[in-house]
Amino acid sequence: MTRILNASGCLDALAVPEVARSLDVFVTKTVTPLPRAGNDPVRIAEADVGMLNSIGLANPGIDAFVRDHLPRIEALGVVLWVSVGGFSAEGFAHCCAILDAHASIEAIELNVSCPNVTAPADEASSIVAAARAATSKPLYAKLSPALPDITAVARAAEHAGADGLSLTNTLRGLVLDRGTLEPILATATGGLSGPALRPVALAAVYACAQASDLPIVGMGGVETGEHALALVAAGASDVALGTVLFADPAAAERVRVELDASARRRGFASTDDAFRRAHGLASPRPNAPVGPQEEHGLLPIMATEPVSL
Amino acid sequence: MSTRSVALRVRATECVGMYTLLRVQRGPIDPGLPGQFFMLRAEGLLLPRPMSLCTAAAGELGFLIDPIGTGTETLARLRRGDEVAVLGPLGHGFPLDATRPVLVGGGIGIAPLPYLSETLGRPPALLGFRSDAHAVAAELVPQADVVIDPVRVTEPLADLLVASPEATPLACGPEPMLEAVARLASHAWLAHEAPMACGYGACYGCVVPIDGELKRLCLEGPTVRASRLYEHCGDALSPAQARTAPEAGVAA
Amino acid sequence: MTRILNASGCLDALAVPEVARSLDVFVTKTVTPLPRAGNDPVRIAEADVGMLNSIGLANPGIDAFVRDHLPRIEALGVVLWVSVGGFSAEGFAHCCAILDAHASIEAIELNVSCPNVTAPADEASSIVAAARAATSKPLYAKLSPALPDITAVARAAEHAGADGLSLTNTLRGLVLDRGTLEPILATATGGLSGPALRPVALAAVYACAQASDLPIVGMGGVETGEHALALVAAGASDVALGTVLFADPAAAERVRVELDASARRRGFASTDDAFRRAHGLASPRPNAPVGPQEEHGLLPIMATEPVSL
Amino acid sequence: MSTRSVALRVRATECVGMYTLLRVQRGPIDPGLPGQFFMLRAEGLLLPRPMSLCTAAAGELGFLIDPIGTGTETLARLRRGDEVAVLGPLGHGFPLDATRPVLVGGGIGIAPLPYLSETLGRPPALLGFRSDAHAVAAELVPQADVVIDPVRVTEPLADLLVASPEATPLACGPEPMLEAVARLASHAWLAHEAPMACGYGACYGCVVPIDGELKRLCLEGPTVRASRLYEHCGDALSPAQARTAPEAGVAA
């Protein structure tokens, strides 16, 4: 069963518990050893095929997180992953050691790829190794797509003890104000997410699924069940929703329903069929004719019937 | 807070001076309190855009839009029968129990005032606009005194506060105007703005300094007491000083 | 004056001389030391926000290029850049040495970034240095956007003797067949160009313009004069058209006209104004109010009046 | 070759069995020769799609479209008055001086045949379709004999070639059909297909093996003599053998 997660940094469970509960797993915004105010505003902008953000890992720091936030998140009764960031392998390890004591945390995602802070991509394997030594919880290494060879980093993370991969974080992008031509974000460039990332994330998942045996959480521009199914076919075991949640907080439910329908329409018994098909691993069972695709109207990501909660 | 966006049909779009009044069927949506906002998304937009509720006629939600960029232009171009995804009401509205409320609006900042005026029983209002063409929108607010650039809306406000210092400005407009209002009255309530990706606390994109820290405006606001936004406000300037101070608000 | 080039691999001057002549500079498809048939078909696919290609540097090899193609290109009377690729620094140097003898070639672009062949990105500076030793012609290093820090590579290329930067090549992307979920391209993944690349290329140009003094040829998803002006504002001296040429072979003329109009509408005396504005370098002269943007109709890249050539 | 795409208005779209006939005002565009093609692009598509000219009524260009994916669906959904960007004519058409031409079409491969039939004075035609619903399109080709799956169009062709071995098949259809035609007649002309990004030699995306090398189909073809495409063609099989061989063409 493909699980639907939120992408780290794209949901605050405490602000909207019902949205967090609509997910199979809630992933926190990245927590760092020390508190961070984040970057100055303006921090977000719509690009013509995606969005930019330069939040800059705003977070309360690991101590306040564990003291103030964690108990309240635990009270929500969601399956919980904590995303961890740091500026050195020790920083990551420090956070992991603290989180290790909390049984409510199912897994830890290591954000070795935030484009809005100095990116320690080269050090992915030393970070994973240090985190590995600090906790026995499952560790997911979250990689950047901006690598000459993402499979090399994926394999390095695997050898260093990662239990899974989260693919991918954002690309670096820029949007200028249409009128003045000045960068809209205070930091000028920022992380590009949404539709533009979709084919890039898909390629990263596909390549890493061939290079490594680790389970993969796929993300990047997922808006519909078809997008989620493509990630699954490319090699993702689970799928995370980021940018789409901003436009459609009810996306998890919708994508789950669409994903099932998309797989069924192709005659796949399970999503594994989709994976085998895309990777040419085995001839899947004779598939039912693929009917017309989901028709998305003007507003693909809205409920078709007005409903309020 | 509602966390499900609803596809609603546009009933009409009307020109109001330089702005566009987007009238949408209300569907199951609660209009909320004046000063609260909705996230609106139309075809072609990845992200929704925050809009204050302007009018709340029966069965309808009205949004006054200043088309300043891609998102607002797309929304202002909608036509009868088009769909728009609406999420809300979101955030906190103006206090409805303020002592002797006086509505203060600058430019498109008048957007939340028609609904606020109705709700409060048509209190006095002071509106500033950058041109006569923009000032046409004043027709939406009953009991409004209007000034046009270069006169600033804080000038009549300063006079009013001299006459009744206990009056509470409930203001919405461009940042310099809000700051000038804050200097005149630290007990004022200001509807602040920031780019917002989600409107419900998910993205951390909308932070502004509140109580000296970067806080999410969509959760803390958008209406915030002046003293939480500006350190040196209120008594820092007497109304008379404010009126002549060079940094006093512009009517944008 | 901003020049309009074609992006390497996106135009064959011999097939359509009049299109080549509509450009300020014609850039050849990448030429390698030995002939290459390229990858098996299928080689191209439309993605929802871009296109994928896996041409695989099909080319006749440097010897046949110089013998058979160059004289015919010279006869067209276009300003000529030759794009060079190789699988080692020596390979690049070998091609450069051969091209050095031909006065008709204004500059050489070093394609150190093709995503469809093993990418020698780490070796950018040794490639540039070897090429530098082999020719006195201006050398433009063409970089990939898939680098953790493109500015480091840009600076390395500058120090190794590059005279300019071409930014950027494609990102790695994947598209699956909608019906079968199999990769459409025979190589599975391919190079992603077009709109999805636009904010990424813009960020790369912006960052490299701050990190280096080299002139930059900007490219990536340019379809209109507004897109070209954004690249110029971000730091490009010249702009190249790739994917857009497939849909609109007359794009160069159109973009040139639109670019001038876009700059004029903002009251810029020259495109340098745009650059200064975007980089916050100097307060540009009071700019005329920006009127409504170019309105692109249903088919933004078509001539509005039917015209035939 | 024209290298300027022209925005033309759609006059009408008509259902022809399972296909759509897209009728576009001709504007200044030359219809070219039968077998040549045009690149068509509509709103929402980044790349244009190659389409053979199907009909060339006065002032009009007609394209027969099988909606099999995003591009063809988008084109088939166009309505009167919509704009479509048209570039062409491109590539090489069928030879018009072939000895005793016989048109052979499989499925959507009949697209170039109506114009070809008109030009050649209505020679005999053999058409294969996968269903009766698809076969409705045969009405566009005069003098056509039609077969439906599981009968293959190469069966009547084999008979015809026994009767008149000098007849020249001019064929368009799915790859297995083309290969089967090639086995029957190495002097046949085949209109081949490949995904094309540009249609005019710029992208190197459309290569197929021609004369044993990967060559750009948009420049070398799309019509190519069978012997250039398939090594073992023609006399390799007698017509009688071909008729019963398992790899003989399907009517797709």
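Chains here go by letter, A, B, C and D, matching the order in which they are written, and residues are numbered from 1 within each.
Just so it is clear, contacts are C-beta pairs under 8 Å (C-beta built on N, C-alpha and C of every residue); 3 or more make two chains touch, one makes a residue touch a chain.
As the structure is a prediction and not an experimental result, all values here were calculated from the model.
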Separation of the C-alpha centres, subunit A versus subunit B, in whole Å, is 35
Separation of the C-alpha centres, subunit A versus subunit D, in whole Å, is 46
Rounded to the nearest Å, the gap between Cα centres of subunit A and subunit C is 31
Touching at least 2 other chains, the residues of subunit B are none
Two or more other chains are touched by the subunit A residues 49-50, 178, 195
Among line, ring, star, complete and other, the chain contact graph is line
In contact, pair by pair, are chains A-B, A-C, C-D
Residue set of subunit C touching subunit D in the complex reads 9-12, 15-16, 18-19, 29, 37-38, 41-46, 49-51, 53, 55, 58, 178, 194-195, 243, 245-250, 297-299, 301-304, 306-309
The subunit D residues in contact with subunit C across the complex are 1-8, 27-30, 39, 41-43, 45-48, 69-71, 82-85, 87, 194-198, 200-208, 213-214, 219
The residues of subunit C that touch subunit A in their complex are 47-50, 52, 119, 121-122, 144-149, 171-176, 178-183, 188-189, 192, 195-200, 202-204, 206-207, 226, 229-230, 233-234, 266, 274, 277-278, 280, 287, 290, 293
